[in-house]
Amino acid sequence: MAERDRIAVQTAAFDVGAETARLAALDRGIGAIASFVGLMRDQNNGDAVQAMTLEHYPGMTESALADIVAEAHGRWALMGTTVIHRVGPLHPGDPIVLVLTASAHRGEAFAACEFIMDYLKTRAPFWKHETTASGGRWVEARDSDDNAAARWNR
Amino acid sequence: MAERDRIAVQTAAFDVGAETARLAALDRGIGAIASFVGLMRDQNNGDAVQAMTLEHYPGMTESALADIVAEAHGRWALMGTTVIHRVGPLHPGDPIVLVLTASAHRGEAFAACEFIMDYLKTRAPFWKHETTASGGRWVEARDSDDNAAARWNR
Amino acid sequence: MLNPAALNLLYFARLREAFGRDRETVVMPEPATVDGLLATLQGRGGVWADELSAGRNFRVAVNQTVSGRDQPLRAGDEVAIFPPVTGG
Amino acid sequence: MLNPAALNLLYFARLREAFGRDRETVVMPEPATVDGLLATLQGRGGVWADELSAGRNFRVAVNQTVSGRDQPLRAGDEVAIFPPVTGG
């Protein structure tokens, strides 16, 4: 039987079409699949960015993502989810993260997808190191991400 | 130069991966692509559904979708959008509609994608006719869709 | 070329089936409005009177834009009458 | 097999670079807590005192779960110290 939830941390790119098809095939009661793809931008905080390396905490990363997905299942009637996050070297335009949520109706799929992204941004142990014309630097956490995650507790 | 917005009404299926790649390639400042896929369910209002036919109003359909996308551009800083809606005969599990929104950051992409779906559901001239064990019937509009669209005016 | 008050009517979905046609041309005395056209169609009685009565839920689009009941109609206008939409 | 108070420390991202190492084993007198461990590391002075001072923004995970500063530590625990996360 197909797994309802799929979590992966990998250096390889992901296939949005294949991942969408996997969820769609899980259950004929699925009417809605929301998704999010995060891409590496060629700029950050006003500086051109040439390359990026994503570091993570193997073991904790997977369990943190599983906890976030479990919490989403507790809040919404989800019929399947996919979370794939890349690590290692990346370049502008490269996809970084994919989140897919499947549900009977669109409201739950949209809410769960945004919730998983907001929690991933503040709870999953990934760190971005970017290369600009003036050298390398670690990306600083954003208050806006903390605020986005906090609104799910209201 | 690639078109920022793509709207299509077609009988053929769509390719989520190719459509995502099209948007991602538009601009290296795109950091977020939100998407929604609507699928035909094998049940509706408690009855098993065997098949569906989607009718539309050629001409008005395309202009209604263009109006919705234009309104989304007015509300959020979008760098590209895609709306594809199928018409004709469909079966359970078939994808019906695809909406993609690209932006620098995820909050705008998510909001615009959900907005376009909510407005499409109440403003774009499509009608579903479904076949159940007891014969054919036209799907009735849902109050929940009107409510979903109305919240964007608050 | 067009009759000065000839309207091109279109019907969709459940109303197309109920009326047994997907299009027709109707000639109205000017000045015409959506309300006047609906009254004319209801005057046919039967399913027309039933489906287009004030309590029923349907939409009217004039030249492919959803319109109010006081919308003026001119010769050659495309007037579509259809149930609430159910796509997506 | 393990020393009764030996902790397996991991450092990530900016802190890994600042401390010049990605892991080490530290022996603490029991009963140990996260606070006690941080005080011991700060006692090394220099970048340790700087990066782990009360005003700095960092996280501690014990056995791969983010933990408070009063969390007890037992021999063999995996204790990771890292900056706020920035994935996604």
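Labels A, B, C and D are assigned to the chains in the order they are written; within every chain, residues are numbered from 1.
The rule we apply is simple: contacts are C-beta pairs under 8 Å (C-beta built on N, C-alpha and C of every residue); 3 or more make two chains touch, one makes a residue touch a chain.
Given the structure is predicted, the values throughout are model-derived calculations rather than measurements.
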item: Chain C and chain A - chains in contact with each; value: B
item: Length of the line joining the C-alpha centres of chain B and chain C, rounded to whole Å; value: 27
item: Chain B and chain D: spacing of chain centres that average the CA atoms, whole Å; value: 49
item: Separation of mean Cα positions, chain D and chain C [Å, integer]; value: 74
item: Residues of chain A engaged with two or more neighbouring chains; value: 38, 117
item: Chain C, residues touching no fewer than two other chains; value: none
item: Graph class of chain-chain contacts, one of line, ring, star, complete, other; value: line
item: Complete list of chain pairs which touch one another; value: A-B, A-D, B-C
item: In the complex with chain B, residue positions of chain A that touch it; value: 15-18, 20, 24-25, 28-43, 92-93, 95, 104, 106-107, 109-110, 113-114, 117, 148
item: Contact footprint of chain D on chain A as seen in their complex; value: 38, 54-57, 59-60, 63-64, 85, 96-97, 117, 120-129, 138-141, 145
item: Residue ranges of chain D touching chain A (in the complex, touch as defined); value: 10, 12-14, 16-17, 57, 61, 64-66, 80, 82-88
